[in-house]
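Each chain carries a letter (A, B, C and D) given by its place in the written order, and its residues are counted from 1.
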Amino acid sequence: MVSNRIDHKWGMVVDIDKCTGCQACVIACQAENNIPLNTKDTFLQKRVNEWIRIERYWEGEYPNVKARYIPVLCQHCDNAPCEPVCPMYATYHNDQGLNVQVYNRCVGTRYCINNCPYQVRFFNYWHPGWPERLENQLNPDVTVRTRGITEKCTFCVQRLRRAELKVERQSGARLNDEALEKGNYAPACVHACPTSALTFGDQHDGGAKIRNYFDDVNAHDIHHEHERETRGYRLMEEVNTRPNVIYLKKIDQHPLGKGDGHV
Amino acid sequence: MQEGRVLPAEQVNRDLLRSILETPKWFWPVVGILGLIVLIAAILIGYMINRGLGITGLNRPIFWGFFITNFVFWIGISHAGVMLSAILRLAKAEWRRPATRAAEVLTIFSLMTAMIMPIIHTGRPWRILYWAFPYDFARGIWPNVRTPLIWDPSAILTYLTSSTLFVLIALVPDFAVLRDRTTGISHRIYGLLAMGWEGNARQWKLQIIAGVLLSALILPVFVSVHSIVSWDFGMAVAAKSWHSTIFAPYFVVGAVHSGVSAVAFVLILLRWMYGWQDYIRHEHIDGLGRLLVVVATGWFYFFVMEVIFGIYGREADEIAVRSLQFIQEPFQAWTIIFIVTTYFIPVALWLTRRARRNLWIMSLACISVNIGMWLERYLIIVPGLANRTAFTFSWNSYVPSVYEAIIVGATFAFVSMLLLLFSRVFPLIPLYDIKEGDILKNESVKIGRRVVPAVFRED
Amino acid sequence: MSSHSESHYPHDMWVFPDAQSTTQDVANKTASTPKILKLGLVIAGVLAVLGVVGFVLRMATDGFSDYGAWGYYAAIFSYIFIITSSAPLVAVAFRLTKSHWRRPISRISELFALVGVVNVILYIPLIYLLPSINNPNFTPGMHGELQIRKTIWMEVPVGAPHWWDFLGIISLAVLSLVILWVSVVPDLAETRSTTNGWRKKLYTLLAGHWYGTKKQWIHQKISLALLGALYFMMVVFVHFLIVSDFAMSLIPGWKDSILPPLYTVTGFQSALSIILIIAFTMRKWGGYEKYFGTSVFWSASKIQIGLTLLWTYHLFAFFITLWYGRMELEQNILRYLMFESYSWIFWLNVIFIFLIPFWILVWNPVRKTAWGPALAGIFILVGNLLFQIRIFVGAFNAGDIYHLGLFKVPPPVFPDVWDIFMVLGGIGLVAFIYLIGTRILPALSVWEVKEGAMYQKMGTLYRGEYLVLAKPE
Amino acid sequence: MAKRPILGLFKDANQAADAGDALKSSGVSDRDIDFLTDAPYPEGAFGEREEKHRLYLFPFIGATLGLSAAILLTSMTQLAYPLVTGGKPILALPAMAVVSYEGTMLGAILFTCLGVIFESRLPKLKSGLYDTRITEGYIGVLASVEDGDLDQTTGILNQAGAVDVKTEG
């Protein structure tokens, strides 16, 4: 099985310029991955569980304020600080560049969560439950995580696996952007994004849309001060975690100057 | 520093075995109360395992709270034992004699208590076997050697095993004494434990060598244990102010500080409970006090280093943690209490001979040190996690739930109960060590009119 | 000694010098200059001259503008400073713990106070070398450049770090001299009448007031204790200043809170080593064998092995933390100081300062000899020199110090002939001054040895004969 | 002729030492005399024989075994389960160093304890001639002599001031 497997290195590009903060990706993710409902209680207990979340920042002083949105999901770092500290190998780096979480092994030391600079790992404090009428909407391809373990964004690995089976095993074609698009194989958030601010692809695929962003960012390390051709950058590059998620700077048509601004 | 008179062996036996051969009135009631507290805590733990960690006050981003703080604290206490008995044995300090075993036993029990903490604080404690022990069942899973959470069990179990053996080896001659003083079933048990010890020259020689050799071997272990515990935090890059190179020695010295104070307190308690005035004398507590002044100052040096180099980097988020610790509510108040109770109050007291020889003041000072050291761990762990990172998503603070508070409180009852029960079956003061001291003591050096007490030294 | 004890211990384990003869004997030894010592003086003097030559030529070729060329100078300064400033601690510390074995060697360690002046002299050029904290050519909006480089002087008080460190070093020198004086007075007072010539004048000048009254003794004891405690803290603090200003803050982005303790431990280690080496020489060739029992070396080597382990422990704590964090600058610092640029020096450093001494001292029979600890000491001193070179030469050549971090690994810098001259010269200068010092002041603390003789004797218990130790309160 | 044990109890250490000397001079060999005490008297306090032991070997053996075991365990587990974590090498030596260190120390200590028990000839299965008063500060002089010499030895012990002389427990 593994023998004739085409090797991928999955990656995502997030264009902040296109993000409107509509939270469609969050909802899609919740639905796709059987994430327990974030009820009022969980918010009050400060134990919200959002594999992808919209960070919102206010720029300027009221009334001259602008909202800024950044979708944050697991960055699938190549140097992931969360991986080596797990005593159980419950999280490790697989050969497709994914930072995978093996629920079965996790005992819930929460060390990985403490050690994640991006705050994208989540702990199940309670046993997950859904109202009776929602039981049937659970996604059969995704485990329902029990309490006491850590979980996080998987780049919807279940879709990728299905894609590999359908495309690569059956028709033998390489799993490229079109295939992902056509078969609805990309992560749920990517498909849900109305402004298509999220782009998903294979870094090893020469024709992938995301390819040149990655090439650019990989070529230009933060510390060596030459300009980058694209708007691409990584979150917290100084920590040197080398994420597989790239962000594109916002281009502000109307910078927030003194006095003016949209109220 | 050899005061006190030389006692005949019968009296030493009588006094020091009193805790075993006869039961004081208060004994069972006290043990009962402590046991009740422990039972309540056990029930709560069961409830927590049943319902899940949701019942604690933990949240995002404070995923480690009271339990881990308590874990580090008890590990710290456990460092008293070997610190005292090993270093003082190696230094051949005469005043160590009554202190050693109590210290070692405190080590063992506080280690056991400490080990409970990380286990119950995991999400799925019933799977803990997967974590600590290297084994390969069908699924080919091995523990990940790269994590401090594997270094921890290896170090702690090593430490527990070695200090237990340390105590047992030293207990053999005293078992023989008990064997000769008891009858019936207990006679048989003690006889079994004494392994037919008869106290001939060879046995004694090896007993003495074993004491020194094992001390020398356990010291490096004891240093490594708390260093590794500190690396649970030091290895984490995400939580600013944890990733500091000085953590290992800083934690170790802190542990010795709190541990030695704890031992001093326990000794005072024993003296009071069993009337061991002739054995735990003021000079011993005094010696501990002097030692503590040095340890405390060393600890303060490391503390200052840690803070200075925290600011040294001038990285925004590390500065933020420091301001969280030292300036912002609620932590800054705790920080002030912590610094004062850990260093300034006790050291100021220990500097005067009169205070060192006043048992009340000494016990107060020691308690204050341990309050401070508990706070220290809390103030390292929680602000480090509560630090407001770039992501507003996880800007939270932490308030422990009542369950956590009770369980943490009960650990103290647990340790005291274990100590009491131990003192019921084993002598808490090594008889032969006291007797040896008395033998070596009967010589003095006369200088002019002054007679200076002296000891024979084999080296 | 009893029949069995002899088989256990060398016959010269404990010596009980005769209090009467000691004073005169030591006075004679101080006055006379044996041939071997003359030889030593000559060699040391020649080396010192070489050092001056090296210094002058280095100044001529590079001047003070570029501090990079002076790495080896900084290294040798730190080497001398750390040893000479830590050496008096051996006397101080074990006087506080009331250890009897320290008595013969305490003066050896105190005499290093005389060398303190060398530190002061050697430091002066560094004042001009150490680049200022404020970035001189800083222009706002410059990428990755700091206006104020990282340093422990956060708010940058006036004259920091240059003059404050200078102050620290001067105060150390003065304080140690005071300790030496307080401790040496009784010995001088005893011989001030019997000697003649300039010694008589000097001794009378220094110890004229001393008549050994009870009061004076009590005062001396108390002041020694207080000064000692003060000196201890001062030393640790000044070590912290020196190593952080001349090493850490010169490597951009290097934040390492364990370096000061590591530096201090290295100091203690080498101080003990050099004292044991000197004690060995005095015992072997100086005719002091009836004052040094091998018990001195035995007890000292126990401390030594502890310090050796401590050094390695600190080093590992530093290494593992940086290795675990994947930040680029951390990895680069490891590569620079340990595994790439200075890898050879690093490994030799570890071998000399840890592996060899440890495996020498781990054997109890070797610890009971005089040569064992001394030999280990020699290795430790070499290892310490390598340590200083690795850290300070590395720091002085780490590139743009106003940069955010060390993002490329600089190459190592090897010494040229002037550097070697300066290194040897520094050592020679120290040796020269120290040897002169042993001519002026007694190299054995007579009053302490006499006091010790009162409290130690051999005593019989039943059939065996053992050492009897008395510890006065 | 078989040797028989004989135990003399003394109140005073000096008398016990005298008894030892007397026995020696009466031709009882050094190996057959032993002094039972309730506390470690300094070596040679009774002029007893020199005890040889090899305890110092044990820690070294234990350390070597522990070290090799730990290295095997750590390296093998990592190689047997080669998962990349955090871009660290599969065979992470610094991490192994920590665990191996603990293993070394554990081995050394375990073997030392075994060594102590072994070298002090414990556990002593068949208890020899003994008296409980020994743990009350009395000093027992235990000698094993020819059957015929029992009475003579008893005499020597009594002469030296024995409180009590036992020939069978």
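Here is the rule we go by: a residue touches a chain if its C-beta (ideal position, glycine included) is under 8 Å from a C-beta of that chain, and two chains touch if they have at least 3 such contacts.
Remember, predicted model here, so these are calculated numbers, not experimental data.
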{"item": "Touching both chain A and chain D (chains)", "value": "B, C"}
{"item": "Where chain A and chain B overlap in contact partners, by chain label", "value": "C, D"}
{"item": "Which of C-D and B-C has more C-beta contact pairs", "value": "B-C"}
{"item": "Far-end chain from chain B, centres as C-alpha averages", "value": "A"}
{"item": "Distance between the centres, which are taken as Cα means, of chain C and chain B, whole angstrom", "value": "35"}
{"item": "Centre-to-centre distance between chain D and chain C (centres being mean Cα positions), rounded to whole Å", "value": "43"}
{"item": "Distance between chain centroids, defined by C-alpha means - chain B, chain D (Å)", "value": "30"}
{"item": "Interchain centroid distance [CA atoms averaged], chain A/chain C, Å", "value": "57"}
{"item": "In chain A, residues with contacts to at least two other chains", "value": "79, 81, 84-86, 89, 239"}
{"item": "Multi-chain contact residues (two or more partners), chain D", "value": "41-43, 46, 56, 81, 83, 85-88, 92, 98"}
{"item": "Numbers and ranges of chain B residues touching at least 2 other chains", "value": "141-144, 146-147, 150, 220, 235, 237, 439-440, 456, 458"}
{"item": "Arrangement of touching chains [line / ring / star / complete / other]", "value": "complete"}
{"item": "Residue ranges of chain B in contact with chain D within the complex", "value": "8-10, 13, 134, 136, 140-147, 150-151, 154-155, 158, 161-162, 165, 168-169, 172-173, 176-177, 180-181, 195-210, 213-214, 217-218, 220-221, 224, 228, 431-432, 435-436, 438-440, 456, 458"}
{"item": "Of chain D, residues touching chain C in the complex", "value": "13-14, 17, 20-21, 41-47, 50, 56, 86-87, 94, 97-98"}
{"item": "Residues of chain A defined as touching chain D within the complex", "value": "78-86, 89, 91-93, 242"}
{"item": "Complex contacts: residues of chain B adjacent to chain A", "value": "52-54, 58-61, 63-64, 118, 122-125, 127-128, 130-132, 141-144, 146-150, 232, 235-239, 385, 389-394, 396"}
{"item": "Chain C partner contacts - residues on chain B that touch it in the complex", "value": "1-2, 90, 220, 223, 227, 231, 234-235, 237, 243-249, 297, 301-302, 305-306, 308-314, 439-440, 443-445, 447, 452-459"}
